[in-house]
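Have a look at these structures, which come just after this line.
You will see two complexes here that share subunit A, one where it goes with subunit B and one where it goes with subunit C.
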Partner chain A sequence: MRNYLKLVNFEFNRVAKLFAVLLSFTFIVQVIGVIVQSKSYLNMADKKIYEEFMPKAQFLESFGHMSFFQIIRSVWFLGPIAICIAGVGFYIFLIWYRDWLGKNTFIYRLLMLPTTRLNIFYAKITTILIMTFGLVAFQLILLPVEILFMKTMVPEEFRSDMGVGELLTNMPELSIIIPGSFVELILYYGTGLLVVSVIFTAILMERSFRWKGIFAGLVYIAIASVIFILPLLLQEFVLNGYFYPVELLVLEIITGLIILAASIWMSRFLLTKKITV
Partner chain B sequence: MKKYWKFIATITIIVLSIGTFYVSSTMSAESHPEFVIKTISGNAEEIKPLVLEGSYTSSMSYVGTNLKVTSDGSTYDSRSFLDKLIGQPPTVIKDFQEKYRTFMRGKDPLVNYFFENEEFLAYATVDYRLDSLRSRDFKFHISVLNKKDGSIDSFTEEVPDSGELEYISVDDVQKVEGELYLITRNMTRNNDNFSEEAHIYTINIANQKISDHEAIVDTTNGQSDTRINVRLVETTPTEANNHLIIVKTELKVIEDMESIREEFINQEIISYNLVTKEKETIDVPELRLDENQLSFFDGSLIYFTRLDGQELVVTPYSIVDNHAGKAYSIKLSGENGHVDGQLTTIKDGKLYIASSQLNADVVVADADKGEILFRGQVTLEDSSKETRQFELYLHEIYVK
Partner chain C sequence: MIEVKAVEKKYGRKKILKGVSFTAKKGEITCLIGINGVGKTTILNAIMALTPINKGQILIDGKTLDKHTFEKITFIPDAITMLPHMTIAEAMEFMDDFYHCWNQERATELLGFFRLNQSDRISSLSKGNTAKVNLLLGLALDVDYVLMDEPFSGIDMFSREDIANVFTSHLIENRGVIITTHEVGDIEHLIDKVVLLDDGMVSKEFSAEEAREIEGKSVIDVMREVYQR
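Let's turn to the complex of A and B:
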């Protein structure tokens, strides 16, 4: 356990810079977005009301109130989120390959540590998870701050206020990242964890058998995906909807856990027996 | 410890931020306005069993929330994960699923497909394969549950004479003695001519064979510019009915340069007795069928309704002695004196009327004489609190 925590901390410190960059990028771009969107709304209001002498009530009727919804749906807001997702996705691979591709093959030292080699696997997957949750948590803190920013810029009569919860329920794209309930959070990110573990196993296959390993890895990913959706396929085409939705969910969770266990077992085998430096 | 500060700080922030978000979101569920049925006159007890279903959409959001308005106020459907997963099958189906869990496996949650009486629960559906040229392999899937001993009888039977069938759907399932009746709507294609008919298949449950089938209402039409619609009038799904009421509407298709219009020509109401297989056309000369809408059938009485300005004119018609009862009218009021979107239902001799819009009348009346027992209105409980723009649309009425 101690060794595992040390390794996680170590891995986390290695990604801390990238993590900090993603966080500050998100912060800066989203705040600029709030300012730009609010300004453009205010400028339009100025132009209509003071230059074209449109009554305020009529302006509000034809252009609507300013709400945080407009900001959330802009590239300013969603762009950084996409960049962060891409960043994490990229790092899933980099977290392994940087150990091999560095100036001195760092993996050599990692594998020599007096602890089970599976801890390396656990530490890396934990780091990815912490990074992801870190970004989600940061976004959750950032949202109220940004709403406050908008409130200071746009006068109250032009504004219609929404809470964070209300924003999320009306934004299906965002509720994948921040689901409405804790159960969904666990299920969504649990699935994410499963996917990462399968990819890790494929990476380790490549690191063990090189070219042949790429093929083996792809086959492994394909098999895992088919097994994962197998309950759904059976339900649809063979069993004619035999299971109730709740039962299907339980089956899916069990299938997911089996694949996770298989990935960990396979990775342990590869790390201890087959890995090459 | 100093070595770990970044790590510990990040974990703390994650736990606090995500934890606070989910704790606060469960504490403060979305605040929707409360709707009530306000009593204007009459006995408020009358609306105790009444349920109005609809959806509420605030101007800020694209997604509506389903709600039920009853005499106790309004309840919104929770949008929790499990509820979304299970879906919202009709209340009747939900009851079936709870009571007969095994039998209900793999059954489509459509009320029309089910029949229930004290001893049996029957289910029938049809499936077929769509081809690029035409549909084929029409098959009925039938299941009958014997409630007493819990035995399930399931079988598949090919649809007879399905050569020209294009499309078929099960509109109703009835059971009389040992026979199961499937009332279907069949669309056939003859070259480029489509015609629709109400068809009845009689299935003997004991030997699992289709013993008889016939078209109840044939819609073979000579002219190509007319179109015939066939509609089976729905009844309470959980009650056995020996009579079927079918409405046949003939429409003239008028093709203009810009558009295709349909003009009403003729409407016929046909009553079909399942046991005797007798067909009868209900003719009510004093009722102009293009104006009067057939609203409800409760087994022995058909209720025709017609909106006349701000009044709803109701004519009961007995199919037992083929006699139209005395018509009565009920005065309604709606937003800006505009009355529309009526929802009506009849249960236990009482007529329930509501409207899809807000601030419209809710009326409970004696179905035979039209005597008003209750009059009320769906309104916001506290309109001063609600400053947001919203839309309330009620689309279903039912009586528990």
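Let's turn to the complex of A and C:
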């Protein structure tokens, strides 16, 4: 356990700079987005009310109040989130390949550590989880700050205020990364964890068998995907809605756990018996 | 004792090792010699479970390798095993963190022995100093067996002398060493046992001392006989 924690700490420190860059980028771009969107609304209000002499009430009726929704739906807000998702997605591959490729032969050291080799797998997957949860947590902290920014820029009579909770429940774009309930959290993040573990196993197949491993990895991903959606397919096409939604959820959780266990077992086998530096 | 028993290894369809067997005892320096591509590095990688073997068995003190064995055996490959952005001090700290058998006193001694600067980044080191850092990280572990892959490869004469001096020092004493090298001349007088590899097999295994004392031949003389037949 101690070695696992040390490895997690070590792996996270390796990605700390990239993580900090993603956080800073998100902060800067989203705050700029708040400023740009608020300014553009205020400029429009200025133009209509003071230059075209439109009554304030009529302006609000025609153009509506400025709400944080407008900011969230803009590329300023969703762009950094997409980049963070892409960054984590890219790092899922880089976290393994950086130890093998180029001048870096750190994989020698990792595989020769006096600890079970599966700890390397656990440490890397934990690092991906920490990154993901870290980015989500940062976004949650950032939201009220950005709302405050908007409030300081846009006068109250032009604003339609809403809290973070209200934003999250009304925004499907956000509900995937910030689930509204515990079940959604298990569903979304459980699936995410599963996808990462399957990809890790496929990467280890490639690292063990090279070209043949790429094929084996792709086949493994395909099989895991089919098994995972099998309950949904059966429900839809064979059993004609036989299961209650809760039963279906339980079935999905069970298939998910089976795939996770298979990925861990296979990764352990590859790391101890088949891996090649 | 490290026992390599009838090990076979294929890369694709090509058989690199065709039933290699030899032993390496504690307190002895065993030198694996062979032309490029004969499978010397593969044997060391296989001993450390860094590459799978197709047939055969490798035992370390009678047991197959597991996580505990890494506190008993160390491998010094011909490539740096630490992250390039680390300083030597950070690399030492990493080793101290993970290995119970890390000997800080010996590590400090090795730093002085090799005249290395703790604050230097690994990426900034010359090939010779990189090899020395590799040796430092491997030899500062209190282990019974040390595997070295081409420690003299591509480095200058003075660094080679420094590394060769390790073999006459207490840093190697009582350990079992398996070394692969092309530069036999640098350590010929220190080798206890020679395993000559040819075409994926052990073509000759002999005691260097016996060859010298009884047959009056150097290791290089025996190599010539075997490889130029």
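Everything below uses one rule, namely that the second predicted complex is superposed on the first by the 275 of 277 C-alpha atoms of A that agree within 3 Å, B and C clash if a C-alpha of one lies under 4 Å from a C-alpha of the other, contacts with A are read in each partner's own complex, and residues count from 1 in each chain.
The working rule: a contact is a pair of C-beta atoms (placed from the backbone, for glycine too) under 8 Å apart; a residue touches a chain by one contact, two chains touch by 3 or more.
Everything numeric here is computed off the predicted structure, so don't read it as measured data.
S.K.: After lining up the shared chain so the two structures overlap, which partner does A:Gly241 touch, if you call subunit B first and subunit C second: first, second, both or neither?
M.R.: In the superposition, A:Gly241 contacts subunit B only.
S.K.: Is subunit A touched at more residues by subunit B or by subunit C?
M.R.: When the residues of subunit A touched by each partner are counted, B comes out ahead.
S.K.: Could you look at A:Tyr50 and tell me whether it touches subunit B, subunit C, both or neither (first, second, both, neither)?
M.R.: Touch partners of A:Tyr50: none, neither subunit B nor subunit C.
S.K.: With both complexes overlaid on chain A, does A:Asn3 touch subunit B (first), subunit C (second), both or neither?
M.R.: second
S.K.: Could you say whether A:Ile130 touches subunit B, subunit C, both of them, or neither, answering first, second, both or neither?
M.R.: The first partner, subunit B, only.
S.K.: Once the structures are superposed on A, label A:Thr276 by its partner contacts, choosing first (subunit B), second (subunit C), both or neither.
M.R.: The second partner, subunit C, only.
S.K.: Just to be sure I read the superposition right, which of the two partners does A:Met112 touch: subunit B = first, subunit C = second, or both, or neither?
M.R.: Second partner only, subunit C.
S.K.: Could you list, by residue number, the parts of subunit A that touch subunit B in their complex?
M.R.: These residues of subunit A touch subunit B: 8-9, 12-13, 16, 67, 69, 130, 133-134, 136-138, 140-141, 160, 162, 164-166, 169-170, 178-185, 187, 239-246, 249.
S.K.: State the interface residues of subunit B toward subunit A in the complex, per the touch definition above.
M.R.: It is residues 3-4, 6-7, 10-11, 13-14, 16-18, 21-22, 24-26, 28, 30, 60-63, 79-82, 85-87, 97, 101, 105-107, 388 of subunit B that touch subunit A.
S.K.: Please give the residue numbers of subunit A that touch subunit C in the complex, ascending.
M.R.: Residue positions touching the partner: 3, 6, 10, 14, 103-106, 108-109, 111-117, 208, 272-277.
S.K.: Give every residue of subunit C touching subunit A within the complex, in rising order.
M.R.: My answer: residues 45, 48-52, 67-68, 70-71, 74-75, 77, 79-84, 94, 97-100.
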